[in-house]
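Pasting in a structure now, in C-alpha cells, and then I'll have a few things to ask.
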C-alpha cells in the first residue's frame, strides 16, 4: 500500500503533477467526445434529410453514380475537367 | 470552393485509418504514461515535477506542428483551391488550441514550485501564449463570416500571415527575455536529457500525434457532412 | 471562339455555396448592347460582377476580342467602366472634387471631367458638397464618372435608379454616343433605356435545375 | 504615379475634412498615456522607468483604433470596388491607403510623443531614440493593421476581431521599439534595435499589401 501512496504523493509534488495530467486528460477527452458527437449528429441529420426527400432526389438516375455531369464538372475550377475525387 | 467535390476518396482512406489511429493512441498513451509516471527517474533538482515535462513538451510540439499543418493546408486551399484543405485546417485548429492550452497550464504547474508563482514571463511560455492567441484569432475569423466559402479564404489568409509571423515573434520574445531576465527554468532540461527520460517524451509525442489524427478525422468528416447538409438545404430552397 | 467583341461562354456562378446561374452564354459585337432581365436574386448583378472581373466564374469563361479576360485582368480593368448599386460619392467632397479624383485615376481623365458634368447637368452643382446631393444627383455623378473613363465596355447595374426623366434621356443619349463609337454596354435594368431592339438575356427563369447533391458514398 | 499620389492625397484630405479622424488618434494617445500616472501614481521615478513601454503601448493602441478608417468607409459607399476596378493594382491601392493612414494616424503620434515623454519624465537621452524608433515602427503598424482591416471590412462588428488578429502581430514592433529607447537611456547603442525595426518595416512594406489585397478581393466578390 505504501508504495501506492508514495506513487500518488509524487515526492510531495502531487499538487502540481496530477493537476497537469488531469487538465490534459480532461481537455483531450472533452475535445474527442465533442468531435465525435458532432460527427454523429451531422451524419444523423444528413440521413434524416435524405430519407425525408427520397422522392425528389433519389429517382434522378445519374449515369455512373455520383454527381450529375453538370454538378461533377463544377468540381473543376478553370478547365471544366471532371475530377471526381477530391 | 466546390459544392460538389466528391470526398469519396478521403472518406475511404479515413475509414481505413481511423481504427488504427484510435488503437495506436490508446496503446501509446498507456505506454507513455507508464514510462512517464512510473518507470523513469526523478530529477535531482525538481523532484517529481519533472514528470510534467512529458505533457508540457509534447503539447508544445503539437501546438506548433498543428499550426504549421494549418498553414500548409491553407496555402494548398488558396493556391490550388483544393476543397478539402480548408476543412482540414478548420478541423485542426481547435485541436491545436487545446494542445497549446494544455502546454500553458502544465508549464505554469511545472514552474510553480520553483518560481513561487503560477506564471513567469519565460520566453518559451510567452511564445506559446501568443501562439494560443493566434489560434483564437483563426477560430474567431471562421465564425465571423456567415458564408463558409468566404470564411475559408479569410481564415487561410489569417493562418498564412500568422505562420509567417511565428518565427519573428519567437525571435523577438526570446530576445526580449534575455534582455530582461537572463536564465529561465526550462533551459536546463533541453540538452542533457538522459535516455530514460527521452523514451516517455517520444512515446507521449507519438500518442498525441495519433490522438490528433483520430480527432482530425472525426472533425473533418463532420465538416464534410455539414457542407452537404448546407447544400441540400440550399437546393431545397432553390428546388 | 468569337474574335471580336465581348462574349461569355457557358458561364456558371457560385456565390458562396449557392448556385446563382449556370450555362449562361452571350456574345456582343462592338457597338452592341445586352440587357439583363430577371427577378431579384436571379444573378443579374453577379453576372455584371463576373464581366467586371470582381468575381471569378465557377465554370466557363469571358472572352474579349478573342482573349480570356482572366489572362490579363489589368488590361480588362482598363477597358471597362462599372456602375454598381452604390454611387461612391464622398459627402465631404464637392461634386467637382469627387469627379476630379476618379478622373485622376485614368490618363487624360481631367480633360473630360467638365464635359461629363455638363452631360448630366451637374455643372451648376460643381461646388456643392456631396452630403447636400439628392439620390438622383448622386446617381448622375456616378454616371458622369464613366464618361471620364476611356472605357470600351460599360457595365451598368440598374443605372436608372432614382433618376428623373431628363437624366434618363441624358443616359440614353450617352449610351447611344458610346455605342456609335464602337463601345459595348451590358446593363441590368427593368426600365426601357430607349436602346431599341437589343438582345435580352433573361436570368432566373426557368429556375435552373435544382442543385443535385451527390449521394453519400 | 499620379493615380497613386492622387489616392494618397484624397485619403489625407478625407481624413482632415472629416475633422476628428486625424486628431482622434492623437487625442486617444494623450488620454491613454495620461491614465498611467493616475493609475500607477505620480512618482517620477516609477513613471520614468515605465515611460517608454507606456508610450509605445499607447501609440500602438491608437493606431489600432484608427485602422477601420482604412477601408470601411470606402467599402460601404462603393468606392472600394471602383478602386479595385481602376487601373491602379489593388496592392498599390492598399499601399497608398496605408501611407495616407500613416500620415494621418502614425505621424501625429510622433509629433505628440515629445510632449508626452515630458509628462512621463522620460529621460532626455531616450527621446531621440523614441522618435526614431516610432518613425521606423509606426509604418509597420499601419501596414500590418491593413491586413486585419481588409479581413474584417465586410463584417458588421469587425472591430474586436480586428484587434484579436492584429495585436499579436504588433508584438515584435513593440519589443524592439521599447528596446531601442531603453538602450538609449542606458547609454548603450540602440542602432541594432532600430535596424530590426527597419527590417520589419521593409518586410511589411512588401508582404502586407499582398495579403491585404487578397483579403479585399475576397470581400469584394
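Chains: A, B, C and D, in written order; residue numbering restarts at 1 for each.
Definition applied: a residue touches a chain if its C-beta (ideal position, glycine included) is under 8 Å from a C-beta of that chain, and two chains touch if they have at least 3 such contacts.
It should be emphasised that the depicted structure is a prediction, and the values quoted were computed from it without experimental measurement.
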Pair of chains joined by the greatest number of C-beta pairs in contact: A-B
Most remote chain, CA-based centroid, reference being subunit B: C
Cα-centroid distance, subunit B relative to subunit C, in whole angstrom: 47
Chain centre separation (subunit A, subunit C; CA means) in Å: 45
Inter-chain centre distance, subunit B versus subunit D - centres from mean C-alpha coordinates, in Å: 31
Length of the line joining the C-alpha centres of subunit C and subunit D, rounded to whole Å: 37
For subunit D, residues that touch 2 or more chains besides their own: 221
Interface hub residues of subunit C, defined as touching at least two other chains: 14-15, 19, 58, 211-214, 216-217
Junction residues of subunit A, two or more chains touched: 46, 50, 66-67, 71, 74, 77
Interface residues, subunit B side, partner subunit C - complex: 1-4, 6, 8, 11, 147-150, 225, 227-228, 230-232, 234-235, 238-239
Subunit C-touching residues of subunit D, taken from the complex the two chains share: 2-3, 6-7, 10, 13-14, 17-18, 74, 76-79, 81-89, 220-221
Parts of subunit C lying in touch with subunit B, wherever the complex brings them together: 14-19, 58, 207-208, 210-214, 216-217
Sites on subunit B touched by subunit A in the complex: 2-10, 33, 37-38, 42, 47-49, 51-52, 55-56, 59, 81-84, 94-95, 98, 101-102, 105-106, 109-110, 112-113, 211, 214-215, 218-219, 221-222, 225-226, 228-229, 232-233, 236, 239
Of subunit C, residues touching subunit D in the complex: 15, 49, 52-55, 74, 77-78, 80, 82, 84-90, 92-93, 101-102, 104-106, 145
